[in-house]
Structures are given as structure tokens and as C-alpha cells.
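So, here's a batch of structures to check.
Look at the two complexes coming up: chain A is in both, with chain B in one and chain C in the other.
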Partner chain A sequence: MIDPDLVSLTITLKLAAVTTFILFLIGTPLAWWLARTRHVAGFLVEPLVALPIVLPPTVLGFYLLILFSPNSGFGKAWASLTGSTLAFTFEGLVIGSVIYSLPFYVQPLQVAFSGVKQDLLDAAATLGAGPVDRFINIVAPVCRSGFVVAGTLAFAHTVGEFGIVLMIGGNISGETRVLSIALFDHVETLEYGRAHLMAAGLLVFSFTLLLIVYTLNRWQTGRSSSLGSGS
Partner chain B sequence: MTRPLSVQFLVLVAWLIFPSISISAETVRIAVASNFHPTLTKIVQVLSKESDTKYVLISGSTGVLYSQISNGAPFDILMAADKVRPALLDTHGLIEPGSRMTYAVGRLALWVPGSTSPVNKSFLQNLQGNLAIANPEIAPYGVAAKELLRGIDLSKVRLVMGNNVGQTFHFVQTGNAQAGLVALSQVRHSEIDRRLFWPVDEGLHKPIEQQMVTMNQSAGTIEFSAFLITETATNIISNDGYRLPGSREN
Partner chain C sequence: MEISADIHLTRHPDFVLDVEMTVQPQGITALYGSSGSGKSTLLRLLAGLERGTRKDRIEITSGKTVWQSEQIFVPPERRGIGFVFQQQQLFPHLSVQGNLDFALSRQHTEQNLEVNQVYDWLNLHSLLDKEISQLSGGEAQRVAIARVLLNGAKCIFMDEPLGSIDSPSRSRILPYLDRLHRNLQIPMVYVSHSYEEITYLADHLFVLDNGKITSQGSMLELCSSIELNSGEGDAAAVVIQCTVAKHDLDYRLSELDFEGANIFVNAEQYQVGDSLRVRIPAKDVSITTTRPGNSSILNILEVQIVSFEENSGPSVLVRLRRNKQFVLARITKKSLNLLDLQPGQTVYAQIKSVALLMESIDD
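What follows is the complex of A and B.
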């Protein structure tokens, strides 16, 4: 039999990977829009995106559980479309994680996008490059480390998720029992040895990821300032 | 014209700076398993009317409270949801010798909010959808639920686990689980329609003995322990859906 902690590790990595991928799809255009827009809606959307940073995860979990319930309009619609409910499923955790990690993806990317010079894009446009062409060939390479930082933070933050999963997960092995929940269970059942192993593992993992992020940040700042002085 | 600072103002400032200093005689901190918290609140309300002692309740899961006490949390009394953790504290010599006693016996209830017919034992055989139970690895009510479900065909059921019986109740209350094995005290407390739950026969699982221990022999601790066995207190406990340790199973 496979060790249940390994199952939890797999679920956690899968959740973080799926969440980061979905954030790449919806968070990238959102970050671009936020970086460029002068529309009044931007003032409203920006704090909305940042909300999960300051809200206790229990607030999100509490509302999500109500939203997922077959008694709610959304829950009912989902149930009639898919035949199952969202609470206590992997899909439900993905929805929760996307909301929870949204600012950690959008904010660094938004900063990176803001740094892209408008002149550069205008020049490319004059040369006949379309919006998608400009994004792929100019914005993406210039903001490469921004993407890495955003993706890494979103991934790491999802791995570190606890409160929401505790509230909407239902602790099902192989589906919703992620590492942080398994660690909590070990502490409660007095299996301190396993708890230590897991806690130390998460600590080293998180530190390593943050080390990458900050090294990239320094390197990026160093490069752009040297470019700035050179020009 | 300047006015001297009033005494009230100085007292207020002092209280803000040193909030832990209180004028009352003694503060007793009671760590209580979350399932018993509503009941204990009622008991302490009555007791506070006839006593100067200040009772502070800290609610949490028995496992977490146990870890906190093992690591030196300044609690005077632990009212656990099981007898395992109090026994462990006893073994480790962290409690007042001889203070361990059962204060209530928890009862399980099967709650099916959407049921159109009265909920009873045969309901268990025909359950479908999400059935919420407390995590048997952690919660005593989960252990009892697991024992009850032994030998029952659960092929059409998806077991979802709450971290404690409080969360289990919430899963059912929000409609995310169609049925749940919760504490009888909870359905009583929430005044759920009698037809929608079944108080599980106690013979179908091992009793959920909830034990308490005291960490010291202070006046407040002794006062509380004595009050807990008065008729006033035991009436509150049994009205909330617990069986009293001495009384017969029904």
C-alpha cells in the first residue's frame, strides 16, 4: 500500500500545478489589463484581486461552502451540469485555490507589465505587429522573470494553503487531503515524528522557492538598473 | 482651566496597559472541547451569579488543547471530548492526581435535514450521497460513527470528514452533505425538528465518555468541580443531550 503521506504530497503538488496553470490562463490577461487600464473599474478590481491577502482563509472557506451547497443557485447549476457537488472534491479545492492565490500571481506580473515601455510596443505596432504578436515577442521575453516569480509564488502559496481546504475539503485521502491537513492530523493524533518530517519538508521547500524568487528579483533589478545607467 | 485627570481615566489607562490585572479574586481558565462549549457556557453563566471567580473558556479540539497543555499552556481545567487525552495527561503527571472524572457521556445522532419521512435506524441502510462524520482519527464522535457504520453497506455513500463534530454539523447544515452523524447535543441545541434526526441507540457504539482533569487545587478549580455535580449543572448537561456518567443507558 502506498504511504498516505505520499498520496497527500501528490495531491498537493497536483493542486498547486493545476491552480498555477489556471492562474496563468486567467491571471495573465487580468494583470495586463490592470497594468494598462485607466478605466475606473481598475480601481475596483485591484483591491478585489488583493482581497485574499488580507481576508482570513476561513472567510473564503465559509462563503465557498455556502456557494457550493446544492441549496445555492451556483451549487444547483453545477450539480445539474456535472451531476456532482463541488464541496469535498478536488475540483472544489481548485476553485478555492485559484481565488486564494490570485493576488500572488497577478500582483508581481502586474508590476512587471507596468515596466514595459509603451514606446517599444508602439514601435512594434508601426512595424505591423498585431497585439498577440507584440505580447508574445516583446512583453513575454521582457517580463520573463515576472512570470517566473508570479508562477512560483502562486504555486508555493497553494502548497501552503490550509484554512480553506480545512473548511471545504472534507479530508478525503487521494482527493482533498493535502499536506497541510495531513500535518495537522498528525499533530492531533500525536504522531509527532511524522509531523516533524512533514513540517521540516514544507519549511525547506518554501524557503527554496522564495530563495529562487528573491534571487531572480535581485538579478532583475540589477540588470534593469545597469541597463538604465548604460543608456 | 485645567482639570486634573480623573481617577476613572487613570484606571482606564492602567487597565489598557495591564489588561491581565483584574480586580476579581481569581481567574480560572477552562479548556473545553468545542462540542461541550455551548453547554459549559450555560453552566458558567449560572455559576458566575453566585461566585466572584472569573471563568474564562478556551474552546478547541481535544487534540489541540492536549498539545497546548503538554507544551505548558496555562489552563486550570481541561474538559475533553474523550478519555484518551485526559488519561495521557494523567500518565505524564501533568494533572492533579485523582482529578480525572467523566462529566458527560456524548450521544450520536443521525441527522438528515432533507428527509420527508421520520429518520430512524433503517435510514442508515439506504443512505445516498455525502455522509458527513467527524474524523475518526481525531474526534471521539468520529470513532463512534465509524463503529456504528461497521457492517453497513456504504457503496452508495461518500464519507466526508469534518475536523471535529462542529465542522461535521456545519457540512450538513449548509446542505453540502445530505446526512451526518453529529452529536445529539448539537441537534438539541439547534432545535432541529425531531423527525429529521435519530438519536442513535447507545448500544450500537462504545460510549463517548467525556472526561475532565484539573491541573491544580486552587479555590476556583475546586469550586467549579463541586458545582459541576450539583443538580443545577447536571440538569443543564442532560437537557443538552448528554447522558450523565452515573445514569443508565437508554
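What follows is the complex of A and C.
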């Protein structure tokens, strides 16, 4: 039989990876739109995206739980489409994590996108590059470290998620029991040895990721200021 | 490619650009004016980098193609134009070669320029492997110009291309632009607030002031207008176009043909037959009513008086014509009255100093 902690580790990594991938797909255009728009809607969407930073995860979890219930329109539609409910499933966790980690992906990327000068894009346009061409060949490479920072933060933040998982995922081994929940269980059952191992592991993991992020940040600001003085 | 524009655009708080113009399909058309005159906005509208709002009336056509009207807006990437920015806007994540390849792989038209020819013109061979951050301002601007040329643009727009470059490098870039002007068939629209740059390069001139075109026409004719020069004081000057007739190696002087007359200047770096521009400051031109016999001044032209400046100061500008070109002289009002000069009268202009507009490039 496989160690249940290893199962939890697998679920955690899978959840973080899937969440980060989905954020890459929907968070990237959202960050681009927020960085470029002068539309009034931007003023509304920006705080909405940032909300999970200040909101207690249990609040978010509570509303998601209500949304997932077969009594809500969304829950009903999902149930008729897939034949199962979202609460207490891995899919439900993914939806919760995407919302919960959204600001950690969108904000650093938005900052990076804002740093791309319109003139640089205009230059690419007059050279014959259309909007998609400009994004892939100018914006993406210029903001490469912004993508790494955003992806790393979103991944790490999903790994560390607790309150929201407890509300909508419960504690089902092999399905929704992630590392932070497993750690909580070990403490509850006084298995301090396993708790230590897990806590230390998460600590080292988080520190390493943040070290990478901040090093990249420093490197990028250093580079962009030298670019600025050169132009 | 002939570009026509009819533009009425309002900007907050109270700037109005109200312009009707046609860009000549050959040569360099300059948009000249002080900052805030609307010349850059006009250029960006022509390029499609700005499009105005629904309240503005903007109609731009290129030949038979409509670029912008009430219903139509062709984005800049499909206008087939090149744009050189004041800050070069080279892509920082690519090398010099990478920037040029970006342009080569997205050509607007079938390339008719040799890549190596463009590198030669702009002296780029030694820069190709460099990173963008290693380039000086002048080098970066040469790369930006090459990028536009290799892109196969049908018309090249330049927005104060020398504005961000310090003045020693500026005088080193100008000859490159002049070289392109001599070698390329592609029309250019050149925005500048520097009268000097305009006189070096332009063939056609639009003068903008506060959103309106105040004068337009051939550069050589307009630059001699009393209106454009009367506020310039000692800087009042004309530019004339000459052809190199022959070189006198003993005296290191070249004989230039100017409307059938001779002008002597040191221009040994040019070939016989080259056409070049010469700048004549109005303060260095004096007038005599009879041909001076024994004078140390070599350059004496028989000219006709066209008009005088009307002003209250002690000196006046006199506009003089020789066939199709003009020269300005600044003389005192007292001389004007003593010599009893009249429009239509034939006189002799003695020119004390003549400056070639451009040094050649040493490469």
C-alpha cells in the first residue's frame, strides 16, 4: 500500500499544476487586458481579481460551496453535464484554486505587461506584425521573467492553500486530501514526526520558490533600468 | 504611393488638427513646426498609430486604397509603411541581427533592396552581432532605419529621428539619411522641429502651426520666403541646389553650376555631376548695382530683385531670384534707399560665405 502522505503530495502537485495551467490560459489575457485597457470596467475588475488576497478563504469557500450545490443553477448544470457534483471532488478544488490563486498570477504579469511600451508594439505593428504576432514574439519574450514569477507564485500559493480546501474539498484521501490538510490531520492525531517532516518540506519548498522569484525580480529590474538608460 | 489626408481632429483641452494634404509620391516631404504644432500627431494618424474618436473626421487614402474613413480603418501592419521613431524602439530581447531578421521575415512587399547594400549604406556590418543595449544612440538609429528598409516599406515615416541623439552623432547620421535620399525611390515623410535638418533633406515642405498648415510647397522655394525667415535674425538663410561641374585641384576648389552661374566651394569629395545643397546665410550676401570688377569675393551672381521685407528695424531681407531658385540678402535700410533698389531690377549678389550642407561619410 502506498504511503497516504505520498498520495497527498501527488494530489497537491497535480492540483497546483492544473491550476497554474488554467491560470496561464485565462489569467494571461486577463492580465493583458487589465494592463492595456482604459475602459471603466478595468476599475471594477481589478479589485475583483485582488479580492482573494484579503478575503478569508472560508468566505470564498462558503460561497463556492453554495454555488456547487445541486440547488444552484451552476451546480445543476454541472450535474446534468457530468453526472456528479463539484463539492468534495478534485474538479471542485481546481475551480476553487483558480479563483483563490488568480491575483497571484494576474498581478505580477499585469505589472510586467504594463512595462511594455506602446511604442515598441507600434514599431512591431509598422513592421507588419499583427496583434497575435506582436504578443507571441515581442510581449511574451520581453515579459518572460514576469511569466515565471506569476506561474511560480500561483503554483506555490495553490500548494499552500488550506481553508478553501477544507470548505469545498473536505478530507477525502486520494481525491481531495492535499498536504496542508494531511499536516493538520497529523497534528490532530499527535503524529508529530510526520507533521515535522511535512511542515519542514513545505517550508523549504516555499522558501526556494520565493528565492527564485525575488532573484528573477531583481534581475529583471536591473535589466530594464539598464535598457531604459540605453534608449 | 501617393497618400492623401483630410483630417479634422479635436484633442482635449483645446487642440484642433485641421489639415488637408497630399504627400508627394517622390522625395522627402517634411512636416515642420514647433512642438505642439500637431506634426507628430498628423504623422501617427497617417501611419494608423492613432485613429481619433468617433467625433473626428479622418479620411486617409493611399492611391485608390482607403486607409481610414468613417467605416474603414486599416491597421498599421497592413498599410505597407515603415516608421522610424525618435526613441529607436529596437526589440531589447533580440540582437541587432535578430531585429533585422524580424523585419525581413515580415516584408510588406517583394524585397527589391539587396541586404548587403542596405548594410553598406548604413555601415552596419560591424554592429550585426551586438546586443541592443551595447549600441550608441546614433548606431541604434542606423539599425532602426535599416530595419525599416529591409521590411520593404512603400513609404517611410520618420518622427524626429534625430531628436534623441546628441548633436555630434546627429551630424554623423544626417549624411546617411542624405545617402538614402539619393539612392532610394521610396518616398519619405519626415517630421522635425529642426529647420537645419529640413534644409538638409527635404524636397517638399509643409509648415504646421497650431494644428494648421500655414505654408506648403517646394523646399527650395519656401526656404527663401521672407515670411519664414523674417523672425530668424542672423540665422536667416537659404538653401540652393547645385551640380558639381568640375574640380580645380590646384586651388582645391570645385565649380558648382547654379542656374547657369558658377559657385566656387571646396567640394572635392563629390563626383562631377553630383547634385548637392549649399547653404547661404542672408547676412553674408550683399548687393551691388553694377558688376564688381576687382573683388576678392569669388561668388558673384547676377540676380533679379523679387521683394523686400516690410519691417521697422534697421535692416531688411531682400529676396533675389536666379531662374527657378532664390537667394536672400540682409542689407541695411539705408543701403536700400541709397541704391534705390526696386523689385524687378537686375543686381549683383556678392556672396561672402558658402557652406556645403553635408560632409560625406568616411567608410
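In this section, the second predicted complex is superposed on the first by the 231 of 231 C-alpha atoms of A that agree within 3 Å, B and C clash if a C-alpha of one lies under 4 Å from a C-alpha of the other, contacts with A are read in each partner's own complex, and residues count from 1 in each chain.
Methods note: a contact is a pair of C-beta atoms (placed from the backbone, for glycine too) under 8 Å apart; a residue touches a chain by one contact, two chains touch by 3 or more.
Model, not experiment: these values are computed from the prediction.
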Chain B versus chain C as contact partner of A:D119, first or second or both or neither: second
Partner chain in contact with A:E46 - chain B first, chain C second, else both or neither: neither
Partner chain in contact with A:V142 - chain B first, chain C second, else both or neither: second
First (chain B), second (chain C), both or neither touched by A:E91: neither
Which superposed partner A:A129 touches (first chain B, second chain C, both, neither): second
Chain B and chain C footprints on chain A, overlapping residues: none
Partner chain C, residues of chain A touching it in the complex: 117, 119-120, 122-130, 133, 137-138, 141-142, 144, 226-227, 230-231
Complex contact set, residues of chain C against chain A: 47, 49, 75-77, 79, 81-83, 85, 87-93, 102-103, 106-108, 132-133, 135, 140, 147-148, 151, 157, 164
In the complex with chain B, residue positions of chain A that touch it: 65-66, 68-71, 75, 85, 87-88, 166-167, 170-172, 184-185, 187-190
Chain B residues touching chain A - in the complex, by the definition given at the top: 61, 63-64, 66-67, 88, 130, 132, 135, 137-138, 158-163, 167, 170-171, 174-177
